[in-house]
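Labels run A, B, C, D and E following the written order; every chain starts at residue 1.
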Amino acid sequence: MSRVTLLFCQVMVAVIVLALWQAFTTVPVFGRILLPPFFFSNPIDVFSQIVKWFSSGVIWKHLAITLWESILAFVIGSVAGILVGFWFARQPRVAAVFDPYVKMTNALPRVVLAPIFALWFGLGIWSKVALGVTLVFFIVFFNVYQGVKEVSTTVLDNGRMLGMNERQLMRHVYWPSALSWMFSSLHTSVGFAVVGAVVGEYLGAAAGLGYLIQQAEGVFDVAGVFAGMFVLSAFVILIDMAVTLVERRLLVWRPTVRES
Amino acid sequence: MSRVTLLFCQVMVAVIVLALWQAFTTVPVFGRILLPPFFFSNPIDVFSQIVKWFSSGVIWKHLAITLWESILAFVIGSVAGILVGFWFARQPRVAAVFDPYVKMTNALPRVVLAPIFALWFGLGIWSKVALGVTLVFFIVFFNVYQGVKEVSTTVLDNGRMLGMNERQLMRHVYWPSALSWMFSSLHTSVGFAVVGAVVGEYLGAAAGLGYLIQQAEGVFDVAGVFAGMFVLSAFVILIDMAVTLVERRLLVWRPTVRES
Amino acid sequence: MVDKAKPTAVALEDATVAFRLADSRIFTAVEKARLAVAHGEFVAIVGPTGCGKSTLLNVAAGLLKPAAGSVRIFDQPLAGLNRDAGYLFQADALFPWKTAIDNVAIGLEIKGAPRGKALEQAQAWLTSVGLGAFANRYPHMLSGGQRKRVGLAQVLIRDPKILLMDEPFGPLDAQTRQVMGNLLLELWSADRKAVLFVTHDLEEAIALADRVVIMSAGPGSRIIGDWRVELPRPRDIFEVRLDKQFHELHREIWGVLKEEVMKGYAQSSQRGGAA
Amino acid sequence: MVDKAKPTAVALEDATVAFRLADSRIFTAVEKARLAVAHGEFVAIVGPTGCGKSTLLNVAAGLLKPAAGSVRIFDQPLAGLNRDAGYLFQADALFPWKTAIDNVAIGLEIKGAPRGKALEQAQAWLTSVGLGAFANRYPHMLSGGQRKRVGLAQVLIRDPKILLMDEPFGPLDAQTRQVMGNLLLELWSADRKAVLFVTHDLEEAIALADRVVIMSAGPGSRIIGDWRVELPRPRDIFEVRLDKQFHELHREIWGVLKEEVMKGYAQSSQRGGAA
Amino acid sequence: AAQSKVTIAVGGGACLCYLPTVLAKQLGEYEKAGLAVELVDLKGGSDALKAVLGGSADVVSGYFDHCVNLAAKRQELQSFVVYDRYPGLVLVVSPKHTAEINSIKDLAGKKVGVSAPGSSTDFFLKYLLKKNGLDPTSASVIGVGLGATAVAAMEQGQIDAAVMLDPSVTVLQGSHADLKILSDTRTQHDTLAVFGGEYPGGALYSTAAWVKSHEKEAQALTNAILATLAWIHSHSPEDIMAKMPEQMVGKNKELYLAALKNTLAMYSETGRMDPKGADAVLAVFSEGSPEVAKANIDVGKTYTNRFVEQAKTTGQGAK
């Protein structure tokens, strides 16, 4: 499939979804409006809201804050996840001891922790970053942990017989071998970083997209809510593209899959 | 490390953490209480709250509801994630077209969607299940998708040359090969299923642990909040153990890692 | 050279195979290979390492598309996978999540054979490759030679009309090699499959095959020799080596081969040279 | 049999190796193996497939702990990995994420050699194994024999005091095999490493080694023969085969080996038998 | 002179009950009083309060009842200016259940929505039930929040009734002209009927320690709020709406205006705490929470009118 066809298909999907959305919010089906506008707004309103935000420029400040929070959460969370994942995988005893606690921590509802984050990190961006980090960390951690354990035994033995010490094994064997696991988790966690930031703002903030969404929600301005979410999603795609670029660069060595 | 030593270490970790917690909430360090009891309660209060819940039996109803929601969210989310993951991995065109949309959807703040879930699924357990599903699905999906693509080319070619059709390849090649990816994501998503359920309850419910936690929060009963989270975490460990059992059973064929 | 009476099982017509390298240069591994294997014919391919033998089998299997030229299987142009062929890969290709017996039985199960019967036959096959006692081992618990033999049983149990074998006896000791060779010949003579057999052992090639094909050193490797082996059938692999004709043929082919190898070695070891 | 003057590089003393199978039965692969390789000695191990040759090398490398018996390296009991040894594995063990040249250079880089110098030497090594032109290929772009040779260069560049080689020339054609064999002998005679060399080619074993050791068929494989090869050094692998002494030795060892193989084959192919 | 910086944590900025805090900022009243104020929006009153207790904000703009509630936890909070004289809580019957429920007494055994269990709305419900001779636990309480979830639940009749705030009430009134309201404390009448006096809603409060050590700031805040209240009562709802930030008004201007009109009476004219109201708060909470009932709280410590008095004597709004 060429790039052009692909783009065309993608645009078609968007068009169809938007058309259905518009139709179901305005035209009754069997005497009932399937998507009540009170909850779903409609694409035209949402679009005009987005246009207004961008043309008036109010959005930039909020967007910048949210993006910055997301990126910080993503970077800090994934770096921590990678480090701890490696550490656990290489220290099976430590891992065995802490395993249940890690899993317990992962099950804590982050929303409930918000006041504690506010206590520790204040009401500025850092409490939102912390919320995002608690989501990203676990996703990356579990994958890296598993990825390191999946190293081919032969290749690992070869590294050891070549005289690699723990640090060198890490760099030349575990790290490249766990890369595809890591990237898989990074793709998931890009979204979660943003979710964390927005939920953080939603729970308490003075600016950011989450704040905008909350304001809109408070006055039942669904178009505003959806517009906020759209802008968000669009920017996630951008961050994800950056991740994909890095991935391509680091994984050049993989055989390209044969066409079937 | 024998099972006994391991258990001992694990218990020790818990004891130390609890002791520190107790100490920091009561004894001032440099004239300051590090963990203000208003935010952190203290282990003894939390413990007595848990005991009270269980001895009076009030907890069972709430626990049962939350567990049931979590399990449903976990099962539905992961089955859907696995199916869609496989489908996308085997249909690269479909995957290419929908890829940006999946990523966009993953970045939607679920909390904001709560009203829509309430509208569609009511205030009963299903709206909470839906919230959990939106978390679990993406985690499992991304990993299964990647896992299927990571199949060794030689083994895949062998399967194809042995005359396997798409269904048989799925069953005999892709599925077993993607298993360890899948389980890695399942371990992550157990926690997220619970988080989804609790957050859902937190946003609107008549029962469940999230409801209990929220009630406690409303009257500034931090011990109650922590007690709720503890009970939750403990049960996550149980679900995770079930997952691990299945994993062990399905992955018998793997070489056990050599002691280094 | 092809027997006109029999249909052609595999025909490569001026097949050229090229790979795109990382720096997006093109590496031509095989150039204009022309090879026809008649139905029931046993053809051995010998050539210096890296000349393109595996590549040729991949083309015949339909796993690789030639950049130019065509592939015909039983006189039909090959589109997609070659469904008539069984392929024993050079690399380890067993399913790591299946025991030896399941690995062998899968070939029958795919065709819809009931599991009980498939297992029974698989056990018989394991026994004939000398692994009856290892039925319940997972591949990582087997030695290199044992894995190869499980792979052999996996391919043979399906009874394909065309056999593509890439160094099937490589990691076996000389004695086991002969046993396996005789097993293969027995099977082959029973219902005359077309066999494409890659080996580095010229003696083995002559002892087994109807024709021995020699490839030149790569890149752009070609088929540079094609000898008919007129030794009488049925043959015993060990005894046939005592034949005078055998020795003459061996010397003749070896002369060509040796020169080719040295050429290839000289070429490919230069920095930035051919590749 | 060991030369008393030289220190012993590798000494297995009644080493027994057992594996736990999936059904938690114990499979004894090697039983009471007793083998001493003197400093500077070249020992070839030959034996039926699946007898435990690779297992023995793993023990000498410190990758496997024997269930009973001990391993001594330069007269020190081996705890953990054998840091003096270089090991060319039977299976493919190149780092798939490194190009051929990086795969070779890594051996030096680990020791702290500057990258420029390591690459330079790696290129030289690639050239001597005939792959100078393939320096920038990732392993999956190489043929089976090419990968093996990169592996060979990877091990040799480190110049280890003990060489463990598991069928290093398996997937190579006869001609390249000889070239590689001569290369190995040249290196070895320059600074007399201790070499443990597993092969299925008895001629190769005799042509290269000071001693040829034969293992019995498994399970519970033992070392059942140990021949000293008194052919004069330096040898040319091809020419040494014309020697009369060579042929006598070959016949003698072959007699023992053949019997052993047939025994092993009969044993292991019975259902539920040995394994 | 350098302005003092004050961070105010608002317990859900979108609620009309907190409008004066936001409006004061829009009008520039804080600056006039010599303060640089940052408004931070939190999900709810209790989150705002925690932010202040944790030290990340200085002052809460939220419901006064938390001061009483927390006195039971030995946290000393003190309100210094009250801008809502009625609580604005409305007990609404779901349009789907209008027929079955005619009075509070009919709520026994029914499902009633509150913003969250343990919240002010919850206590209000329990108090009403008790006052009408029912067991406070006789209705089952469901947390539905204050926003769209609550509206959806009401529209679909998933709950029989709910305690709501504006603008949600107005939204429902907009689509159901015959919406049945059992108690409407946006009005003086119902507030007096239920609580026997004015009942404080939104107020500015902080820890007693902060108030003591930041007299100047507390005074300035009081002045700003008083000035804003005066402005509110001297302008039309349209004028007020025009001053509010656009994202808080949203696209549906009529809705906002309607809600604002419903709410206007709620805003205090004096900023004073009515001592009877404070006692009523204690009574309400004693009803729902045994802990508060037991705690022997001195309500007098939870508020002070001295800043309001001071403002009166110097003339409203520091000039």
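We adopt the following convention: contacts are C-beta pairs under 8 Å (C-beta built on N, C-alpha and C of every residue); 3 or more make two chains touch, one makes a residue touch a chain.
Predicted model, so just to flag it, every value in this text is computed and none were measured.
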Taking shared numbers over all numbers used, above half giving same and below half different, the chain C and chain D interface sides are same
Quick note, more Cb pairs in contact for A-E or A-D? It is A-E
Relative to chain D, the most remote chain by C-alpha centroid is chain E
Cα centre of chain A to Cα centre of chain D, whole Å, reads 50
Between chain D and chain E, the Cα-mean centres are separated in Å by 83
Per the C-alpha means, the centres of chain B and chain E lie apart by a whole-Å value of 37
Dist(centroid_CA(chain C), centroid_CA(chain D)) in Å evaluates to 26
Residue numbers in chain C touching two or more further chains are 22, 63, 91-92, 138, 140
Residues in chain A with touches to at least two other chains are numbered 39, 115, 119, 153, 157, 160, 202, 217, 255, 258
Residues of chain E that touch at least two other chains are 50, 54, 147-148, 151-152
The answer for chain B against chain C in the complex is residues 154-155, 157-164, 168, 172-173, 176-177, 179, 252-255
In the complex, chain D touches chain C at residues 19, 21-23, 46-50, 52, 54, 90-92, 123, 126-138, 141-146, 149, 167, 170-177, 179, 200-202, 257-258, 261-262, 264-265, 267-275
Interface with chain A, chain D side, in the complex: residues 61, 63, 81-83, 85-87, 89, 91-99, 106-107, 110-111, 138, 140, 154, 158
The chain A residues in contact with chain B across the complex are 1, 6, 9-10, 13-14, 36, 39-40, 93, 96-98, 100-101, 103-112, 115-116, 119, 138-139, 142-143, 145-147, 149-150, 153, 157, 160, 180-181, 183-185, 187-188, 190-192, 194-195, 198-199, 202, 210, 213, 217, 225, 229, 232-234, 236-237, 240, 255, 257-258, 260
In the complex, the residues of chain B that touch chain E are 36, 38-39, 114-115, 118-119, 122-123, 201-206, 211, 214-220
